[in-house]
Every structure is written in C-alpha cells, then in structure tokens.
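These are the structures in question, set out in turn.
One chain, subunit A, links the two complexes that follow: it is found with subunit B in the first and with subunit C in the second.
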Partner chain A sequence: MKKITTSFITFGLIFGLASNSELSAQTLDGKQIIEKVYNRPTPPNQTSTLTMTLINKSGETRVRTIKQNTKDFGDVEKNIMFFITPADVKNTSFMNWTYTDATKSDDQWIYLPALKKTKRISSESKSDYFMGSDFTYDDLGDRKVEDDTHKLIGKETLDGKECYIVESVSKDKSYMYSKTVTWVVKDHFIELKKEFYDEEGEKLKVQHIKKYGDFDGFYIKILEEMVNVQDKHSTSLFFENINISVNLPEDLFTERMLMRGI
Partner chain B sequence: MKKLALLIILSLFATPFLKAQNVEISGFARNYTGVLFDNGEFSILQNTLNLNFEKTGNKVAFKVNPMVYTYNTDSIKFNMREIYLDLYFNKIDIRIGKQQIVWGKADGVFITDIVSPLNLTEFLLPDFNEIRAGVYAAKFDYYIGNNTFEVIWIPVFTALETPSPGSIWFTQPTFPIQPTFDYSKRNVTASLENSEIFAKFTAITSLVDVELMGGYTWDDAPVLHMTKSFGMNPVTHLPYLSGINVTPEYHRLTLGGGSFSSQIKGFIFRGEAAYYGGKYFLTEDMTAVDGLTEKDYLHYVVGLDFSVSSILISTQFIQEHILDYEPGILTKETQNTMTFLARADVLRETLHLELFSYIGLTNEDALIRPKITYDITDGFSVLLGANIFVGDEAGRFGQYKDNSMIYTKIKYNF
Partner chain C sequence: MEKGLIKLLKTPWLVLGICFALTLVFFLQMKEKSRLETDLDKYMPQEHPAFVYSAMAEEWFNIKDGIIFAIENENGIYNTETLDTLKQLTKRLQKLQQINKSDVNSLYTADNIVGTEDGLDVKAFFTKVPKTQEELDNLQQTVRSNEMVYGRLVSESETVTLIVAELEDGVFSQEFYDEILAIAASYHTENIKVYVVGRPIVEGTLALLAPADMKKMIPIVLLVLIFVLFLALRKIKNTLLVMLVVLISTIWTFGLMALIGIPIYAVSTMLPVMLIVTGVAYGLYLYSHLEGYIRDNPAATKLEAVSNMLKAMSIPVIITAVTTSIGFLSLLTSQVYPVKYFGLFAGFGVLTSMILSLIFIPAVIMAFGLPKFKPAQEKSQLAYKITASIIKNKYVSIIGTVVVIVLMILGTQKLWINSSFLDKFEKDSDIVLTDKFINAHFGGTTALNLILDSDGKLNTFKQPEVLRLIDKMQSTLEADVPEVGTSFALSNFLKRMNKVMHEDRDEFDVIPDNQNLVAQYLLLYEMSGDPKNLVKAVNYDYSRLNVTIQLKSDNSKTINSAIAVVQSFAPDFKKLGISINFAGSGYKGLVFSDLILDGQIWSLILCILIVIILLSFMFKNIIIGLISGVPILITALIGFGVMGFLNIPLNATTALLSSIAVGIGINFAVHFIYQYRSYAITSNSSLEAAQKTMAHSGRSISFNAIVVILGFLVLLFSVFPPNRELGFIISLNMFTSFVGTLTIMLVLINKSNVYFQNKDKKLS
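Our next item is the complex of A and B:
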C-alpha cells in the first residue's frame, strides 16, 4: 500500500486494520513504532462530512462544516474539500494533491466563490493553524519519520488499550514543538493520544481520539479532540457519513469541481 | 422604485416556496460609511443587501443574485448582478444568462480579465467581487481531465461604468475650449455582427497552471473622437481654434494573452500578459484624424506570493507599453505600477490585518489601503479601513489626493 505522505485533514484520520500483533510481540524501538504508524495502509477512496467545533475558554463555540473526498491514485493522493458553514466561507473549496515522492511538495488550490477565481496557494506553511482551530496543518498530516528522533519511553494502558509511549524530538531546532509524546496502540499502531510541548518545553496541546470505528477493514476516526492547555481552547473533529466503498471518479478532483462545488 | 418594492415583496413571499424547493438562500447585509480626511464630509453612506438564490443538481443548476444599494437617505440602486442557468453534461458545462466572468492570475489588475467590464463609479475601491459588471453571455466549457477549453459568446455589449458628474470620483476631461458633445454613436446596437467572442484554454498540472486566451471584443471605454474647427482672426489673420466637437464612440479590440502560476520552494510565481491590437489613444498630432491614433498595446504583470511567519506577502509588477509609440500621444509610452499586499489572520482567525497598495512607479503616486477586520461572531464582522491617495496629482492615484478617507464596513453574512 502506498506510503501516506499527505498533509491534510483527511489523511490523518485513517488507521489500518492489518494485524501487527506478531510484530508488536517483538521488541521495537521508538523509530520502528513510529514507522509502523506512518506506514499504516489506507483505503483507496473515502468521503465524509467533518464538523469542526472550536470552543474557547468561556465555552463559546464556533462551528465549521466541511464535505470532503479523498482518492489514492498510487503516485498521488488527491483530496477535495467543500466548505458548507459558516456563511462567510460557504462554497469555498480546496484541493490538495500529495505525492509519494517525498521530495515533491504538495500542490494546493483554493476556489473563492466571491472572487470566482481558483488560486494556487503555497503548501509550505505547515505551522499555520487550520481555520482558527487548535490543529496546525502539520498536526493534521503525517510528519515524516526522519524529521524526528524517536525514543520508546514506556508502556501504559490507555482507554483500555495497551500502548507504547514514544517521545519524538525534531531534528530541526526551529520546529514549533520542542517534543511530542505519543501513545501508540500496540495492536494496530494507532496514535491514540499525543502531547505537544512548546519551544520552552511546556506542555502546549493534547490530542485524543475519543471514538473510532471499523469500516470495511479499516479503523477510521470518528471523534477526536485537541486541547490547548495553555489557552484553554479546544477543537473537536467529528466525522460523519464516512464511506470508503465508493469508487470516486478522477474528474472529481479537478478545477471544474472546485468551481461547481458539492 | 415601484418595481424594486415589488421585487422585494415578491422575494419575501417567495422565500417559503423557494425553501420548499430546496433553493438555497444566502447573502449579506452591509453598512459602509466613509469620511473624507480633508473636510470630514461623508464620502459614502451606503447600505447593501445581497441575496443569492441557488439550486444545484446533477444536470442543471441556477443562480439569481439581486443586489440593492441605498445611498444617503433617498437614493436606491438595484442591480441584478447575476441570473443564469447551468447545464451539466458529461464533459461539457453550459452557462447561459447574466454572469460575471473572471479570468487570469493577477490580483487587482485587469489584463486578460476583461470579459466582464468594470464598474469604476467608485474608482478601484469596491471589493473586487463587486467591481465587475455582469454580462449577458453563453459560456461553454469542454473538459478533458484538468484541461478546460472555454468559449464565451456575448451578444449584447456592456460598457465600462464611469463616475457621473457630481461624484468625487468624476474627472472632467480638459479641452482648450468648451466642446460640444455628440452622443449619436455612443451605443453599440445589439446584433450578431456586434457580438463579442472569447476563447480560453486552461491547464492545471502539478508543475504549473496555464491559461491561454484570445478575444474579439469591444474596448469597454468609449474613445473620444474630436473634430476641431478653426476660424480666421480678422486682426492677426491667423487661424484660431473656434470649436471642438466630441463624439464618444466604442471601437473593436482584438487581444491575445495568457497567464501562469507555479509553486517553487513554497513561493508562488505568477504572470499574466495580453497583447491588445487596435487600441485608440488621444494625440496632439495635428495631422491625426479626430485627434486619435491607433496603436497596439502590451499589458503584463509578474507576481510573487510567499509567507513569512504566517504573514502572507504578495507583490506584483505591472507594465503597460504602447508599441510603435509616436510623440504627441497623451498617454505615456510606458507606465509601471506595483502592488503590495501583506495580510495576517490572528486571534484564531477572528482578527484580520491587511495592507494593500497600488504604487505608481511612473508618476510616483500611490493608493494605500490598510484595513482591520474583526469577526464578532461567525459571519458577522466589523471592518475599519482607510484609502490614502498620495503623490503626483497627474497620476492615476495622486489625482484623488482630496479623496483620502477613513471608512467602516459592518457586514452580516447569512
């Protein structure tokens, strides 16, 4: 199965069901565990509706709804998103192409209905936050294994599941997180929980998968939460209408569909 | 006015019916108030209601987009910005009706983006989504993967909208003596012969996005044909200018051009160019017929977009060049302009800071447009901004030095 290198929201939510119990019985180091997380298989097609809820420290909420389609073409994975709410971004759409060739940057386009224009945008701003949420584009994608140094620091049972705990430190000293600590489910190499530490080494955010389900042999995230413990702000992602049994046509991932909308 | 009131009443009564038919209704209400720096007079007092009625199906869709503007307390303007029908086939889309069409890769500059004429009644200040007028057109798109071949037929000419006398944006053409005007040739009769036609090929690839276009159109601005009459001074026995007759008239224009956009190491490189054949320019050459000369004209832009610490920076260099230039032409042979944009979205994308500028390099003038927008809730925003005109008063921007203003926009999207 193709290596997932995509850097957008859909691609962070799929967990392969392939049993790794034999492997987990072996002694794995931190890097090997993260490699197995990174190399999980994914379904070739997926559609879903995402409701993203932003909650500030006063409890006030802002809700964004997005419909999205993803297809794996082998050498490239294409994702198209249509913004449904709020009203001021309605009919905005976004398309992302991610390549298996790790040296190749993602290609991204945004269609702004008010301007009636499709614009190519830069895909390099990984540390920017997605739509005012607590997720950066980097958080939502798959960070390359080689970008960090990984160390197995323990084992723990979390939500009734046995987990490895892996600490990852970026090789790039300017990276926005000084380290991350990830709870990986032993059986399926799912990142069940992840803590993000800021440049001063203080805990910044905690990501937690609250619910996931089995869809035709793949575990898929249904509800997850990211809490910024410093700002007391949180974001939940709730995926509905998940369908991986469709065969999405290639011409769905074109400028024509960006402009036409869903 | 009665028609407008009737339309609003019909819209209100039709709303439940439209909802039952799954017609989506969206839009915005906006208050826009501007005050001139110079004297504290209101430069604009405008309220706007924009309504979108849309229904999208697999084979057919439609959109109706009426807009109502009120000015001061007693002036109202109704604009059916768009009203069209979409037909979707396997590889072909057809859109028929009044529609806004946007081409090109440039921002705030109109080079190949000339299918929909501009509304310059408030100069370049309206939002770019409101500055274009809708055109009655049939648009055909044929798709092959991520390539599109588009043909547009416009049977009815729509002219550039310019400020009326009395507007702070109106600029009076200068003549050596008081002219007389003949408006008999100012209309372009709607006929097959007077149709406009445009074609464009678009390719979106991983490496680069490309557009190639051509058009047989009308110049959206009328050309002022000047006929001078001379008398003989009985004392000096020298000829003198005794009269000028000005006849505004639209002329055909042929153009070809293209644009591209590509990402290299996180930088977006953009470019757009068009070659206009047969554009008329005013000249002081006494031998020129009607005070005009016909020249070809080149207009292009190169741009670069990038981010620095989550601040989007976008800059463009624009050049307009008259080919085979002759002394006496009142427009400069080459005019250079730059644009600069810096934008940051902070406080979880509820506060938007933006600085956009046009900088006239040839005339050393500029329009500087800082603005701050705060989203009080989703869809409800307050904007505080300024439009500052500086530099040479002979320049495109400097001429409006007295129109520098501060303004607010309060907008509710639904």
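Our next item is the complex of A and C:
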C-alpha cells in the first residue's frame, strides 16, 4: 500500500531541496536522476486548498475544492481532507493513514454529513484512479526507483528550464504502463513533464506541471495537469494557500475531527 | 425510334463489337473495384434527427453494442474450472485489438460494493480463482447478495455467467467474426459450453449471410429461366442469346456501380435476380413476334423479318422497360441511401436490358441468320374461347375482384412492421437458439437506451424526486412489459449504496431521501469504486441520464411496447423539466424501418401515379390509363393483405417490393393494351379485338408471367428467410397482376368500349 501512502503526501506535491553542490550533471545516469527525484526530503507539515477540475471529452467539467492537511509522523503519514464545494458535499471529509511498513494496508475513513456517519472504506488496487481523476495512486506517489529500468535518453530545454529526459521501462511486464518518459528539471529534480505509455506501447497520458514555487526552500507544485490522450479526459490540480510552516496537532487526524468539519 | 434501330441492322458486327468491348470494360471495373458493405451503420441516414441524437448519446454515455459470451456449466458455475475459464476468456478478450480493455465486463472485472459492519468495501469478486470449497461458497453467497450482478452477470440458476465485450464502431469483419467464434470454441470442455450472441454478431451474420445466399440462388434462377425460356422459344440458341443479354446488362450495372465507387449493399445483392428475371421478357416478346411473322411469311428475308419485329415490338418493349424502371426509380424517394442506389442501378439495368434486346438480338440475327421455326400450330381457337368466356362471365371477375378487395383490406389490418434482425433467421438456427437461451437466463440481449435530458439544468439527476420517478418507471417497465428483463440506471447504483451503507438492510434498498446524501454517495463511489462505471449512467453536471433497458427480443412490437410505457411517464418528467429521448442500435433499427416504410408508401403512390399518367399519354386516353392501373392496384393490395394474413411483417426487404411489383406487373397490361389498340382498328367489336390480342400476345404474356413467377419462386429454396419471403411475395404479385390483367382489366376494357365509341357513333 506504499502507493497509497505516497499519494496523499504528494497530494501536497512537495519537492525537496536539492543542493547544488551535489550536482555533477555530466556523471549522473538515468537511475541516479530518478533516485534524486525520489529521495527529495518533504516538509513534515502541509496545508493547502486544492481545486480539482475534471474535464470529460464532451468538455463538461466537475469542479471540487478541498481543504487538506498532511503530517508526517515517521512510521505513518496522515492526511485529512474536507470538501468545500460543491455545496451538496460540503463538509464531507476523508482521512487516510499510510504506513511506512509496506505490508500494512492503508486505513481510510470517510464521513458523510448527510448520513451523519463515519465509514471505513477499504480500497484494493482496483481503485486505480483517484476520485475519478486521471491520476492513479501511483502517479500521485513516487514509484519505487528499482521497479523500472532507467535510461537517460537526452537533454532538452522545456518551459525555459534545462531538463534531463529519462526513459523508465517497467520490469513487471504486466504493469499498466509499459514505460514512462520524464523531463526532470536539472536544478530542482522536479518532474516537469511525464509521458505514460500503456501496455501496448501507445501513448496514454501526459502530465505537465504548469507552475511551481519555492516555499522555504521546498519546491512545491502549484498547477498541474494530466491529460489522457486516448479517452480525451483531463484533470487539473490547482493548489492555493500552501502553508508548510504550521505544526499540525496530532489530534487533528482523528475520527472526531472528521465529523466536526471545517 | 424504329427507323434508327433498323438502320443499325446494316452494321451488325460493329454493334456486336461495341457491346462486347463495353461489357469487357464494365467487367474489369467490377472485378477490380467491387466492394461489399457490411457495416450496417453505413445504411442509416446519419443526418436524420433521431440518428444525430443517438450518435451524441452514444458519445456521452459510451453506448456501444456488446458481444455476449455465455459460459454454461450445467453442474453450476461455482467451481474452479468454470471460474478459471471466465477469467481466462475475459483476459483474452481484453487483449483483442477491436475491444478496449475497459469495455469487457464479467464477474471477474465487476465491482462488488459490499456493506461491512463499519463501512463500505468496493472490491473485485475474485482476482485469484477460488480453489477451496469454502472460497467457492463465499463467492456464491457474495454474488447472491448483490443485485447488481445477480441475474445480470450470473444467472439465477447459477449455471450460466456472462462476459460482455463492447465493440468500437465499424470494427466488425468476417475475420473478426471467425476469430470470435474460434475463441469461444477453444474454451469448450466436457463440462463447459461457451455461446456467443449479441447485436454485432447478429448484424454481422446477417450482412454476410444474405449476399452469400443470393449468390447461391443466381445459378438456380438461371437454370430455371433457361428451362422456361426454352419451352417458350423452343430454340436453345435463342434461349441462350436472351440469357446472354440479361447477363451482359447485369455486368454493366455492377460495372457502373464499381466505376462510380458505390459499394454493394445487402439490398443490392437482389439486383442480379431482379435484372435477370425482368430482363428476359424483352427478348421473349421479340422472338415470339418474330416467330409469328415468319410463320405467316415464310419467304421473308432476315432484314424484312427483323425490321417487322422492331416496328411491331420496339414501342411496347420500350414502354414496359420504362414502366419497370419507374418502379425501381421510385425508390429514389427513399431517405435510405442503399435503397436509393438499389432503385437507381436496377432502373439502369432494366433500361440496359431493353436497349441491348433491341440492338443486340437483331444484330445477332443479322450476323448469324434467322432462326428456323416449325410450321404454325393452330392455337388461336383456344385464345378466342377463353377470351369470350371471360367477357361473357364478366360478373365472376367483377364480384371476385370486389370480394378479394374486401378480404385483403381486412388482411392489411393485421399487417405489422418489424425491424428485428433476429427474426430474419431460421427459428432453429444457432443464432436464434443461443439468443433464446441467454434471454431465458438473463435480462435480455437487446438494449434500448432511454436518455433523460433536463436541457442543461445542473444537478437535476441528483434530486431524490427525479430519481424516484425514474425508479418507478423502471419497476413499471419490468412489471408491465414481459419482454423487459432488467433495466439499469443511476437509481440502481444509489439504491445499492444506500442499502450497503445501512448494514445491508433491505428497507434501505430505496432512493436516498435528500440530495446531499445522493451527492455524498456518488462522491463516495467515485473515491472507492471505478468511477468510469458512472460515465455510462449520468453526465458530468447531472443534467443528462441514461437508462439501459434490456429486452428479450429485438422485434418492433417489443421495442414499441417498452417505448409506450416510457412515454406514459413523459408528462410526469415534463413537470420536472425533463425530456425523453431514445438511443442505441435497437432504437435506430426501429427508426430505420419506419423510414424505409415511410419512403415506401410515397414511392408506391408516386410509382402508380406516374405509370397511370404515362400510359394515359402513351395510349392517348386517360380511361385506358386508369384501367391499366387496376391490376397493379389490386396486386399491391393483395400483397399487403396476404402478408397480413400470413403474419409476414413489413421490413426493409418486403417493403421495397410493392413499387417494384407495380413496375413489373404493369407490363402484362401494357402488352395487352398495345396489341388491343392496334387490333381495334381492324376489328368490329371490342370482343373481336380482345380475341385477336389474346391470340397474338396471350402466349407471350403467359410465358412472361411464368418466367417472372418461377424466377422469383426459386428464392423459396433459399436458406435465408427474408429471401424466401421476397421470393414468395413477388411471385404472388406477378401472379395476381397477370390474372388481374386477363380478367378484371379485360372486362373493364371491354365495358369501357374506348376504341369503339367513335365506331359505334359512326354505325349509329
């Protein structure tokens, strides 16, 4: 359940600070680049307001705004989210505990105010796509470096930033992506753009970070887009009010807080 | 006209050379470019509002036709072998290029929404195939308690389970069809049978079977016609020459079709039989006249004989070809392109047969010499007697006609329209039996999509009031229409969620009573299930909703009765600002048949009018025009009446026949009246003119009738029911127009005294 773990942390989409002194671009190979992406340190606390927009192929949209809080407790990461809009789901809340121990499943709760009940939900790997979006839990998290074979296939300037282009081929032939191609910003080790190829080797999705910012030395995504080029569906994630300097209290991440709402 | 034709007689070899050269050109075109159209969507008029809406709805809700694989194990499906087959076949289908992975649904891919003591669980029914008895029993219990799959993917008898694989548009081909059948067969074992059914299979089989069957029929039709023609012409050489003319005109027709790049549609496969059967009449009349002339003038040269033949027969041959082609060309009024093209090319083929008969046959005679005929046989006595008897007993014809008309009007009351594809197959064919088998175990193999539309008003379909009305409509449908097996909509999801979130208690198997709860359930489902399932149920802003109604039959009566129940809810939906539309292939088939029939009524009326007007002008007399129309009017009526009595529904094929029958059936009247008019000049009474006409043309008209009746009757030996119906009805039509011409029309002409009024006046 590691993938779900990471998904909710990275829902804040946090990027660690990569020190320039470590950089010796010429000598890095594909695997080392992806390791640097993977190993970026993350801030222990984060709050933000997320606007998630789903756009289907007919151009219809579903927009949700969510207030979310994340805290890293070392062996467990806890995330709590409150829906602000649409009005009919206001105060619906969702909590997720992910354990560092990969053998331990996530704990998930949802509170439905109209039902006045908290329910536990168990999601298996079936829940590939997160909340009807184009992101799978894997896309939101960082997939383990050793799951793929990485190869540096080029360098390119993208959106005015110098990037490595790394091709990562899945070792598990039955994995939903046969390969991904990632544009990693040289200076910050951010995955600026990523292409996903399906089992048949056809291009499936393109992820693009449109905007990111420097928060106390942490590089954090502000606007991100994922387009499924096959079924013409897309998702954009827009983070506002990002705050990493708070110290979130431990009792925020409890069933009682779920029910209390925002 | 005749002069031009007679001029051509001087250069027979040139005429023959040109004919053969053109035939070669058309033949090469046909060989190179002919293409059979098997995609039934191409048959539909895409710009028609119902089709435009359906296409949009199919896009919104990802509505596609599914191929259904049924896995049967008579000992029950809850064993490792059957479940493993289910899993393997599901995975095999997901890998096919023509099928999207996510469009394959089975117990292996389905979401199981379960209520647990403290929450909700959405998971697969199984991922690893259960091995122990305990695991198998658990699975059985899980399925039984989930009404979203029980009775839908697993039969209540627990001996059959389904895999539904939805197809992209236009991917169906003979190869794919064979592949599908081979895949299904490869999973057969001693215990397990795999059946394949579903609309794409039915449509695909139909698109391949109908033309294949027609192809088999052509040589038989040819043989029968050669036999009948030989009886009429008594010369094998003449018989083969007449056949050659119709074969050449068929080649020209298909060559032209290939040349302008029009594909061969299923309906166009009727063309060869149509052209061959109608086309031989021209040669038959020409040779019959020639034979009579040579008998009367044994010393005539070939130029004299052929010139006389052309002088006497070219006008009636041209008129009959024009009226026949009007019958075909009236199909141009149809909104359906394959029907339009069929009419156009059949019209072209008929005119080609006529022109070739008038230039090719004379050219051959000029090049190779006159046929020899045995001395005349005296048969005119018989013709005289029959004619006198018909006219003497005119009340038999008149009363008979009135009785038939009354009876047939009663018959037409029973006539019904059927757009079913399945009803076109033999009742004991594999495809029908499999369909029956699956319908006996599940909701139904035919899907009708009901699209509810709030015209852009957001969140309409989150309102409990609206959802409850939908739920009520679904129950009414399932209760009132026996052929409705199940229906599926957002309401089913919500009832399931509501029940599950209340510890699986049955009293919560209802629509939640406030909108917030609906919205929160849906959000919960999106977070824990496969939200793509909702795409088929409702659009993004909850302003449009899709109800899938499963029917156990695809015939029009069934679809219409379901539509009627839905329409009875229309006022209630209207009060809530919701309009009703339909979509999907079952509905499109229904609209399509209506379109064909609509067009048919117009083309029939148009055809009869044009023929009557044309003949009024040709014979310079409107009364003659009207009288000539009597046999064909009766013919059309009898055709529909008999179909009513015999429970043969109107469908795309049978509906086409009425105007075709008018176009061919009028020929008997044309030949009769043409001769009658010329004999009227030299006769003293209408009876005498009629007797002379019968003596001269009676035999050729009768043989013409025998040719068309037997030619089409051959189709009764077809293995394809619609071709049999076609053969039966058109033969019947030919028979009734023939009988009508020689009875009621003869009586009416005699009664009307048209060509003798002036003579009578002079006498008095």
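Basically, the second predicted complex is superposed on the first by the 234 of 262 C-alpha atoms of A that agree within 3 Å, B and C clash if a C-alpha of one lies under 4 Å from a C-alpha of the other, contacts with A are read in each partner's own complex, and residues count from 1 in each chain.
The criterion applied here is as follows: a residue touches a chain if its C-beta (ideal position, glycine included) is under 8 Å from a C-beta of that chain, and two chains touch if they have at least 3 such contacts.
Keep in mind that what you see is a predicted model, and the values were worked out from it rather than measured.
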{"item": "Touching partner for A:261 - first (subunit B), second (subunit C), both, neither", "value": "first"}
{"item": "Which superposed partner A:92 touches (first subunit B, second subunit C, both, neither)", "value": "second"}
{"item": "First, second, both or neither for A:58, with subunit B first and subunit C second", "value": "second"}
{"item": "Between subunit B and subunit C, more extensive residue contact with subunit A", "value": "B"}
{"item": "First (subunit B), second (subunit C), both or neither touched by A:129", "value": "both"}
{"item": "Partner chain in contact with A:105 - subunit B first, subunit C second, else both or neither", "value": "first"}
{"item": "Which of subunit B and subunit C A:239 touches, first, second, both or neither", "value": "neither"}
{"item": "Residues of subunit A at both interfaces, subunit B in one complex, subunit C in the other", "value": "54, 56, 62, 86, 88, 109, 114-115, 117, 119-124, 127-129, 131-132"}
{"item": "Footprint of subunit A on subunit B - complex, ascending", "value": "26, 28, 56, 61, 88, 93, 100-102, 105, 127-129, 141, 143, 145-146, 148, 202, 204, 206, 209, 261-263, 265-268, 305-307, 310, 345, 348-350, 375, 377-379, 381, 413-414"}
{"item": "Residue numbers on subunit A that touch subunit C, as the complex places them", "value": "54, 56-58, 60-62, 83, 86, 88-89, 92, 94, 109-110, 112-115, 117, 119-124, 126-129, 131-132"}
{"item": "Subunit B-facing residues of subunit A, complex", "value": "54, 56, 62-63, 76, 85-88, 90, 97, 99, 104-105, 107, 109, 114-125, 127-129, 131-133, 233, 250-251, 254-256, 260-261"}
{"item": "Partner subunit A, residues of subunit C touching it in the complex", "value": "59-60, 111, 116, 118-124, 459, 462, 501, 512, 514-521, 523-524, 526-532, 534-535, 539-541"}
